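Labels A, B, C and D are assigned to the chains in the order they are written; within every chain, residues are numbered from 1.
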Amino acid sequence: MVNPILIIAITLMAAFSIGIFQFLGKKFVKSVFWLTILFDLFAIFSIAYSFITEKIVEPIVVKIGGFAPPIGINLSVDAISSYLGFVIFFIGAGAAYHWMKKGIEDPQPKAYILILLILLGSIGIIFTQDFFNLFVFIEITSIAAYGLVASKLDGKALEASFKYLIVGSISSMLVLLGAVLLYKFYGSLNMADISSKIAVSHYSGAILIMITMFLFGLLIELEMFPMNGWALDVYEGANPAIIAILAGGIVKAFLLVFVRSAIYLKYPYLLKIALIFGLTTYMVSQFFAWKQKNARRLFGYSSVAQLGLLVLAGGFYASGILTSTSKTYMLLAIVFFVLNHSFSKSTLFFLSDLIEETEISGWKGVLRKNKLFKFMFSTSVFSIAGAPPFLGFWAKLFFILAIPQKYFFVVVLVLIGAIAEIVYYFR
Amino acid sequence: MAELLQYFMIFLILLMIFFAIYAIKTKNLLVSVIASGFISLVASIVYLYLQAPDVAMTEAAIGAGITTLIFVIAVRKTKEKEK
Amino acid sequence: MVFFLSSIVLMLIGLYAALTKRNLIKIIIGLSIMDTGINLFIISLGFVKNATAPIISLKELFKSNSLLVDVSKVVDPLPQALVLTAIVIGVAVTAMALSIVIRMYSVKKSIETDDYKELKW
Amino acid sequence: MKKIISIILLAILGMFFFNIVSAINFGSNIKKGSVSEHYIEKGINENRGSNLVTSIVVNYRGFDTLGEVTVLFLAATGLSFLLFSCKCRREFDKVISSLVLRTATSTLYPLILLFGAYIFIHGHLTPGGGFQGGAVIASGVMLLFMSFRNFNINHRELSTIESLAGISFVALGLAGLIVSNSFLANKLLPLGNWNALFSAGVIPLIYIAVGFKVGSELSGLISDMISSTKED
């Protein structure tokens, strides 16, 4: 097993050293980039593997600077986060490969730095146990994302990037304020330490508002319904390889952080927020997806809908109303959802780059001609919508199994949405 | 003496708010940029009163200096007037 | 108290500009005013009355004959450290935003949001 | 319409803020059991740096600083990535800077660089540190840009300095990992005496690396932004 801090240190070192290597030639930059990605994949796989084989059960805690948790910053890696980290690096490697093959033929050396750092930032978001450190990593991820989204340098991409920047700054402002106020009220920035000091019965109005604002900042990043206009523009305007990283990887990191901080902060209204935002996002985006003519925007809506479902599942998982069996089911459902959505959606976005048609009507002809594309397209769509043999089906099955009787209407709505999704994909 | 300093701080704060409103109201972008630089400069004095010399230095050097400069360059590269 | 209120007012003015202005550079100016407001807010959170700056260059601040410092005589250094980080991050975001605006201007020769309708605002 | 909605939104937000603020006592003492108590009380004992903000920024929360340096690096990279081959020139009248400015710059510039270096070398003793010193150096470079129209920076050297500084920051962190099994630990060098220049372990070294990095990044950022306005 590799020390998790090495993933961050080596990646940073590689990103800094590309500044020198870029003068030696593109080959050097490329080899540094791929060596780093391979090392990261190997490292995080070895961590995840040791969790699978149950060599270790407790989360790995990495103290930074040699100080015990509330004084210094610490990272903690458990089974879920190492699994998610692996997914993110895998998607990132795939997207980088795709970008080099297609997209801009010859990305500048700077693009490699941005990709390395966006992956690093999301890994940091997953691992960190400190609220202010979380803010720093969110900023690393978002600034790299602004640059990458704008990388096409045409009107649409720049516009999408600018909107993303405005919304991203506002949301990170909420996160920063939340972190600092938590420090003022509880005298610490460490998640576990704050959690041990918080008692739900002591929730005063000010603390409630503060925590709601903090979680709201994360919800904006999670592209929930009233605040997701920017996300769809990004899906439409940016380079598909970048969208694959964003939708397949980074957003999942935000989901994990959202659920984790809600658990740590013992937020009492988590289920309500998840129900309101998750369900409305899910239904509204499935509804809007019907009207879309632009293929990428359609995928975007579908992606946002899946996120709504994920937030819903996360809310149920963390709310504490589930029995232990159904909690396991829900966890399985989330894991499958993430896997399913990350891979199928990335495939769809790569396809949308390979097929140079933006309108849906144009896709039919291309898909009819090219058997491989057709196979890929239908597999991923079936999987996303949840048709029986695919991963998405198992995810939805576990999800439904886990939901308690009282919330039966959720199941009905989710099923209606899924049927709608299948129909609009096969228009 | 301490009283006087407090009144001075209140004056500075009102100045900051005035500059902020002025910065978003004026149509000339260059003026607006300079006004927002002034906010940072005044803020750095306030930080000194709040016993934060490190932050005051950073705000004066980065917030008032570098940020204003890159704003001015950007305004020079684009348009100087708001519609 | 007046520091809290003024920083909130600055934040809201900045946010107002970012939400309603139709000029791209004005929006970024709004964001940077908002940043200043937040920083002022954080610093005033850490202020302690009748305490000195967290730079221990005088022997009087130590507890008797040791290197341990008397807590009540010094303002809270942690918010200052956080603001140091936040200021630098703010300038990074501003630089990024301005470069996007310059690039947008080179494509369409305009910095008004009204001229950018390709995607819905 | 948009204005009304945002004013309502802001009013709600303002009420929220006011609610939070009224629960906080301005100027009150540091909360008991807060981490700052440890930083203030034991900071000198553990680090020997007089400036507590520096010991927090570099040692206790050094990981944040690494992230912060990365953010700045990212902004410089992203900016040159976006403005690369940008035909963003705009015609405006040539202004030749005054003789006063030019003479003053050529005498003051070395002093400004020296002052920047002084700030980050003394980061653990006096207010200031890597970020402030770097910003001062960058403002010296900015002065050069303002007074000499043909001034240009060697980008190759700049980015080499930047990379080396970044690498040495991470390397110092990794050295801590090797020596005491903890990334960025301050165990590499002896701590020395309180209020002495050679003290506080690796803190000055890290701040010098940060100073070089921030200075070169901000100068690169300015030069990237200016260079496409220049007439050929």
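For this structure, a couple of remarks:
Keep this in mind: a residue touches a chain if its C-beta (ideal position, glycine included) is under 8 Å from a C-beta of that chain, and two chains touch if they have at least 3 such contacts.
Bear in mind the structure is a predicted one, so any value in this text is a computation, not a measurement.
Two chain pairs, B-D and C-D, are compared here, and C-D has more C-beta pairs in contact (counted per touch definition above). Averaged Cα coordinates give chain B a centre that lies 19 Å from the centre of chain D. Here the spacing of chain C and chain D, counted between their Cα centres, is 14 Å.
One inter-chain figure worth recording: chain A and chain D are separated by 30 Å, centre to centre, where each centre is the mean of the chain's CA atoms. The set of chain C residues touching two or more other chains comprises 3, 15-16, 44-45, 47, 53-55, 78, 80, 84-85, 87-89, 91-93, 95-96, 98, 100-103, 105.
The set of chain A residues touching two or more other chains comprises 132, 136, 139, 143, 146-147, 150, 153, 181, 183-184. Multi-chain contact residues of chain B (touching two or more other chains) are listed as 53-54, 58, 62, 66, 70, 73-74, 77-78.
Of all possible chain pairs, those that touch are A-C, A-D, B-C, B-D, C-D. Here chain A touches chain C in the complex through residues 132, 136, 139, 143, 146-147, 150, 153-156, 158-163, 165-166, 169-170, 173, 176-177, 180-181, 183-184, 229, 233, 236-237, going by the rule given at the top.
On chain D, the positions that touch chain B within their shared complex are 51, 53-54, 88, 90, 92, 119, 127-129, 131-132, 135-136, 138-139, 142, 218, 221-222, 225-226, 228-229. Of all residues in chain B, only 53-54, 56-58, 61-62, 65-66, 69-70, 73-74, 76-78 touch chain D in the complex they form. Residues 9-10, 13, 16-17, 20-21, 23-24, 29, 32-33, 36, 39-40, 43, 46-47, 50-55, 58-59, 62-63, 66-67, 70-71, 73-75, 77-79, 82-83 of chain B touch chain C in their complex. Chain contact summary for the complex, chain C toward chain D: residues 1, 3-5, 8, 11-12, 15-16, 19-20, 44-45, 47-49, 53-57, 62, 66-69, 71-72, 74, 76-78, 80-81, 84-85, 87-89, 91-93, 95-96, 98-100, 102-103, 105-106.
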